[in-house]
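What follows is a pair of complexes built around chain A, which joins chain B in one and chain C in the other.
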Partner chain A sequence: MNELVLGISAFYHDSAAALVRGGNIIAAAQEERFTRKKHDSSFPVEAINYCLEEAFVETNELDAIVFYDNPFLSWDRALKSCMMARDPQKIFPKIANSMLGEKVWVEDYALSAMGSLGKMNKLLFAEHHISHAASAFYPSPFTESAFITLDGVGEWATTTTGFGDKNTLQFVSQIDYPHSLGLLYSAFTYYCGFKVNSGEYKLMGLAPYGEAKYKSLIYDHLIDVKADGSYRLNTEYFGYINDFVMTSDKFNKLFGGEPRKPESLITRKEMDLAASIQKVIEEIVLLIAKYTKKETGSSNLVMAGGVALNCVANGRLLREKIFDKIWIQPAAGDAGGALGAALSVTYNYFENDRVVSTTGDSQHGSYLGPAYSRNEIKAFLDFHDYPYTEVSCATEKAKKIAKAIYEEKIIGYFCGRMEFGPRALGARSILGNPLSKTTQSVMNQKIKFRESFRPFAPSVNLDKVSDFFEMECSSPYMLLVAFVKKERQLPVDTDTDDLIKIVNLARSDIPAITHVDYSARIQTVTEESKADYYQIIKEFGNLSGYEMVVNTSFNVRSEPIVCSPRDAYTCFMRTEMDLLVLENFLLWKKEQPNFDETEDWKKNYELD
Partner chain B sequence: MSSTNKQQAEKFFTKYLSNVLKSSPKKEFFPMQPNEKQDSYYKKRTDNFVTRDHFKCYAKEDFGGALQELWKNEHQLKDLSTHFAKLAEELKKESLDEEVSSFVYAMF
Partner chain C sequence: MREIFEYHSKIGYRFIPEVKARIIHESGGYLVQVNKSGFRCNHDFFKQKKSPYRALLFGDSYTAGNGVSNLNRYGDVLEKQIPQLEVFNFGLPGTGTDQQYIAYKEYAKDIDHDILILGVLVENIRRVNAHYRRFVNFENKVQYRAKPYFEIVNEQLVLKNQPVSKKVLNANELSGKSVDKGGRFPLLGKIAKKWNLKHTIQKYLHYQPFPEYNSCTDKWKLLSAILKEWISDSPKPVLVVPIPVYHYIEGISNACHYQNRFEELRQETGCILHDPLPTLRKYSDKEKREFRFKHDTHLTSKGHKALAESIVPKLRDLLLIKE
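Up next is the complex of A and B:
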């Protein structure tokens, strides 16, 4: 009943480890947080070590170790795709090296990294989309639910639908490679000059600036969508079978030229392309959802896979009310596969009964990473002679932080266990004042060192969310987008295409978090999920009348979110943040000694 | 990718895979185009309930056997299983060095 299962994801996107005991999630973390390499896809040695330390166990005590993907099935797909390519001889060396030279040897890497393969003395391999489906269903608050998984590709599957009931998972339908909504979206990411595998969220953020002018061109040429939401791509327009890029010449011709060069000026064309593909994705997701509802009869839906991080599509799905309730795995991408694989082994391999939480989901707010004790932080600060004030009273601390935010200071907030998944949820966050017209530009230029066309996200106390947004439900993981209430919206008249000018125009009484289409990517906070954060927002509400703060991830551009007090202090000193909160320790920038670095740290981070 | 590994893979391709491709050049492993006549593109899974059998184990000393099992109904590939296993041994790296491309989705 209490089997200890370690799940591992690696080699493709964000690698991660997760540890589950009898279905209870003990720990989960992405490797990038420890290695400080953004989207690190290497074998997650550090994340595994952390998970084992959190549970005080050794590898030989593990009842099972499971990898989130089946490299042999992926090899089958990669080889057959190569054999279908125009010039297989060009493709083969690359796939052979990558798959046969590395990925099929995962058991060896695991043994070498961990010294043991646990009690089974072997590694189990799950299927990629089983891992995704399990990551969505098992931690959800539902006893039964429909599920949809959507990503670029696993082994063969790119889209699956099905039904979870108690401890079982049943697949209903599947769409296979090379037909993929994730790959379609990535093709536009590439064509618009953003990095594939990481820049997809930028394309989503760009969409509200444009008009969906290319929507019919996409439907006419790139994808055929049936009434049930199933779809097939016309592969002639894509480069990933015949080459190592996402689009083909035919695609480029269709949209009027070569892909935009990274970091070059974003034009109206990219805005319209982003708007178009976003609309197409939303429409297909809605059709798939309707089909899934019909097939399963469930009024609940859970989702995972990289496409499930498209919070704009998720918000639309919620508004359409196809399902009564929706839950999305916060680590919806490959990192979450580690967790899903471990949970799937718990319920589908060991066949444990599943106990559904009566108070919410079982994801523990996704605060599943390392926390640091008072003694650890104090030792770090004292060792370096960094000046601080310790504030042990939670209310007093919250008041001080809220006052600083109210005075438009920028706060680095480090408190509790680190988040699992791409979003900072108030444990490793930078906080600011949502009412200020300058918060957005200050945070972008002086903290993040970027010029971003995307506004920041709000954290709002759940009991106040409907005061500000057209949303009644919770969104604890910042995976839903909703509109700012009509009465709060301000008219804006602009004819410029300069994204930075456009985004900096105040569009509501909460300008720092209002996107150009009046939407916001919302995190709702409750006292139960994160009391310290809830209290800060509450105290800010007492000062301003708005129970809401700006929340962005605690990092600079291209840096992984901070993990340790050292990471946090370094990031704090490299930027123009005013106050650093390390648990109960408050550090004011003006009191800190000079922070000299011998090398230009910005060179360590490749632009994202 | 090291030049030695690239050469090994190229040699393998010429020696084994090109023959398979020559003997069945029109092999369609998956559809490349939409089909107006189909009502739906969904595929139904026959093994739709996730069970213990969905979790595979592979003995590293028997990659060839694992590939043979995988391709039990695809004779041309099945016949190459042991050769692929040998190639995997030859290409195996001490440490992982593949970088994720920013131009194409990481899928192999």
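Up next is the complex of A and C:
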């Protein structure tokens, strides 16, 4: 009944571990947070260690350990793909090395990392898209629901649909590699000069700056889409079939030249390409959703897989009202596969009854990572003699932070358990004033050291969300995009291609979070989900009349989100943040001693 | 991985109070639970006893249990095997007997107990003579930090280096300083280990890891002076347990020198001495090898169990506890 199951994902991107007891999620974390290597795909030794630490259990107490993917099916796919390639000899050695180098030895890795394989003394293997579907359905607030999983590739599948009921999952349809929406999007990510499996968010953020001029070219040449949302890619245009690049010469020729060089100037072409592929993805997702609705008859939808992190498409799906309710796994990428695999074993292997939460989902706000005690933080600060003020009263603390935000200070906020998934949700966040015209450029250039076009998101108290946005529902995981209310929008007249000029134009009375198309990627906050954060937003509302703050992840470009107080302090001192909040400890930048580093820290992070 | 130690101006450092952590280790990992006072003990240090008998146990990482979870340490096994006994574990990894004595004075003096157990890892003779000690920082870099230490001045122990400096030093800043870098020939040791010949060479050469015990050296004088003062300070019986390193358990090195020194200490102070080595040596070669990890020389759960089982009869006798 209360089986303890550890789920592991690794070796592709974003390795992670998750621990579940009888369906209750105890802990989940990505390896990158501990190793400080963005998208770390290595075996998640530290994440597993953390999960066992959180539950305070020995490895031999684990009822089952499950890997989220079947390496032998992946090997089968890789081998067959290689045989179909134009020049198999060219790609076989690398593929063989990749597949046989580590992926088929998962059990050995697990044994070496944990010292034991638990009570079963063996590793179980889930299947990639079952893990994704399980991660979407089981923690959702629905007893029954349709599901869609969309990602690059896992074993063979790239897109699946189905129906979840109580503790079972039934698959309705599947599209296999090399046809993949995830890889299609990644091809454009690559072509526009961003890093694959990392820069997809940038492409999505760039899309509103452009026009979908290339949409018909994409439909005419790259993808054949049927009315039911099924699709096939024209593989001649993609490099990943025959080589280790995303696009082929034919693709490059179709779009007028070589891919954009990373870090070079972003031109109108990249903006239009981003807008075009974004539109195409949205339209296909809608078709798949309609088909899934028809096949399952459910009024609920859950989603996972990397493409489910495309919050613009998610927002469109919501607006189209194909389903009454939508829930998306916040760790929708491969990291979430660890959680899905553990839940799948809980319900399918151990056949536990599934108890659906009556108050919401079972994801615990996705605050599933480590927290640090007062003693731990104090020990760190005292050892280094970093000046701080300790504020134990929650209201007083919230007022001080809200006042600093109101005064347009930038705050590094570290409080409670770290988030699981790519979004910072007020536990490891950088906060700013949404009313300020300069917040976006200051945050992008002096804090995050990233491209100026990238938008910021608002955290808004749920009871006020409809005052600001065309949205009635909750979006606790920042996975939905909605438009700023019409009456708040300001007209903008610009004919420039200069992104900085475009970005700096105020488009509403909340300019810092209003994207160029008047959209915003929203996180709704409730007192129940995160009381400390809710209170800060409330206090900021008392000062400004706006119960909303700017929330971006607590990191700099290419750095994983901070995990420990040490990470947070280091990030704080490397940037132009003004105030650092470590639980109840407040540290002002102007009071801190010089932070000398012997090496150029920016060299430690590979640009994404 | 979570940081589990904090600076302490008198001892040098201690565990962060109430921390719960899992430490990655070649064994797969182990669980660490720390009490409110900053020691890796399952009990909070209440002054009044809750069990009929209470032992205060001091030592270094062998006592604190590096490599094993709390419940598998020899102090905890003692509790399991003698249910009437509670053991307050003050073990602090990396410390010498000097720091352990300071911890005793700082935290244990007022705690009601029946017996004081000093688990003295024989290597501690080197640590009490060092003023700096190596550690591996969060970036996996070897650095050095100051420790408090005693000197004998006019036959009295004089405490130095307190408050302990917070400054962390690199190897190039240590010239002229007394440092415990661990091992007699660290470089040779590394090479021999790489070639997997370390133990063969040591056995062949009758390697003596701690020549400081060969006679009544200055280093032994300092360790024994600390122990003598501690024993005379204690209002309750003191059981001294010299904990052997694997060289002695596995018969690589001759233990007679350190055994002689501790026997002399017993005769001079009247403390109770329990030498676990003869019992530990009785196990088969295979079993003895399993008392330590493949690479880490700390005691495994089996090693802790064997050590505890050697102490149990002595402790029962001392406390007049029937089986």
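The working rule: the second predicted complex is superposed on the first by the 607 of 608 C-alpha atoms of A that agree within 3 Å, B and C clash if a C-alpha of one lies under 4 Å from a C-alpha of the other, contacts with A are read in each partner's own complex, and residues count from 1 in each chain.
Methods note: a contact is a pair of C-beta atoms (placed from the backbone, for glycine too) under 8 Å apart; a residue touches a chain by one contact, two chains touch by 3 or more.
Note that the structure is a prediction, hence the values are computed from the model and not measured.
Colleague: Using the touch definition from the top, say if A:R566 reaches chain B (first), chain C (second), both or neither.
Modeller: After superposing on A, A:R566 lies in contact with chain C but is clear of chain B.
Colleague: First (chain B), second (chain C), both or neither: which does A:E419 touch?
Modeller: neither
Colleague: Touching A:L52 in the superposition: chain B (first), chain C (second), both, neither?
Modeller: second
Colleague: Could you tell me if A:R232 is touching chain B, chain C, both of them or neither one (first, second, both, neither)?
Modeller: Only chain B is touched by A:R232; chain C is not.
Colleague: Applying the document's definition of touch, where does A:Y240 land relative to chain B and chain C: first, second, both, or neither?
Modeller: first
Colleague: Looking at chain A, does chain C or chain B touch more of its residues?
Modeller: B
Colleague: So in the superposed three-chain picture, is A:D532 touching just chain B, just chain C, both, or none of them (first/second/both/neither)?
Modeller: neither
Colleague: For A:N375 in the superposed arrangement: first (chain B), second (chain C), both or neither?
Modeller: second
Colleague: In their complex, what parts of chain A are in touch with chain B?
Modeller: Those residues of chain A that touch chain B are 11-13, 39, 41-43, 66, 70, 72-76, 78-81, 83-84, 88-89, 92-105, 107-109, 122-127, 130, 133-134, 152-153, 161-162, 168-179, 182-183, 186, 190, 195-199, 223-224, 226, 228, 230-236, 239-241, 243-246, 262, 291, 344-345, 348-349, 351.
Colleague: In their complex, what parts of chain A are in touch with chain C?
Modeller: 34, 45-46, 49-50, 52-53, 56-59, 113-116, 370, 373, 375-376, 379-380, 382-383, 385, 564, 566
Colleague: What part of chain C is in contact with chain A in the complex they form?
Modeller: 1-3, 5-7, 16-24, 27-29, 31, 33, 69, 138, 166
Colleague: For the complex, give me every residue of chain B touching chain A.
Modeller: For this pair, the touching residues of chain B are 1, 5-6, 9-10, 12-14, 17-18, 20-21, 27-36, 38-45, 48-52, 54-58, 60, 63, 66-67, 70-71, 77, 84, 87-88, 91-93, 96, 98, 100-108.
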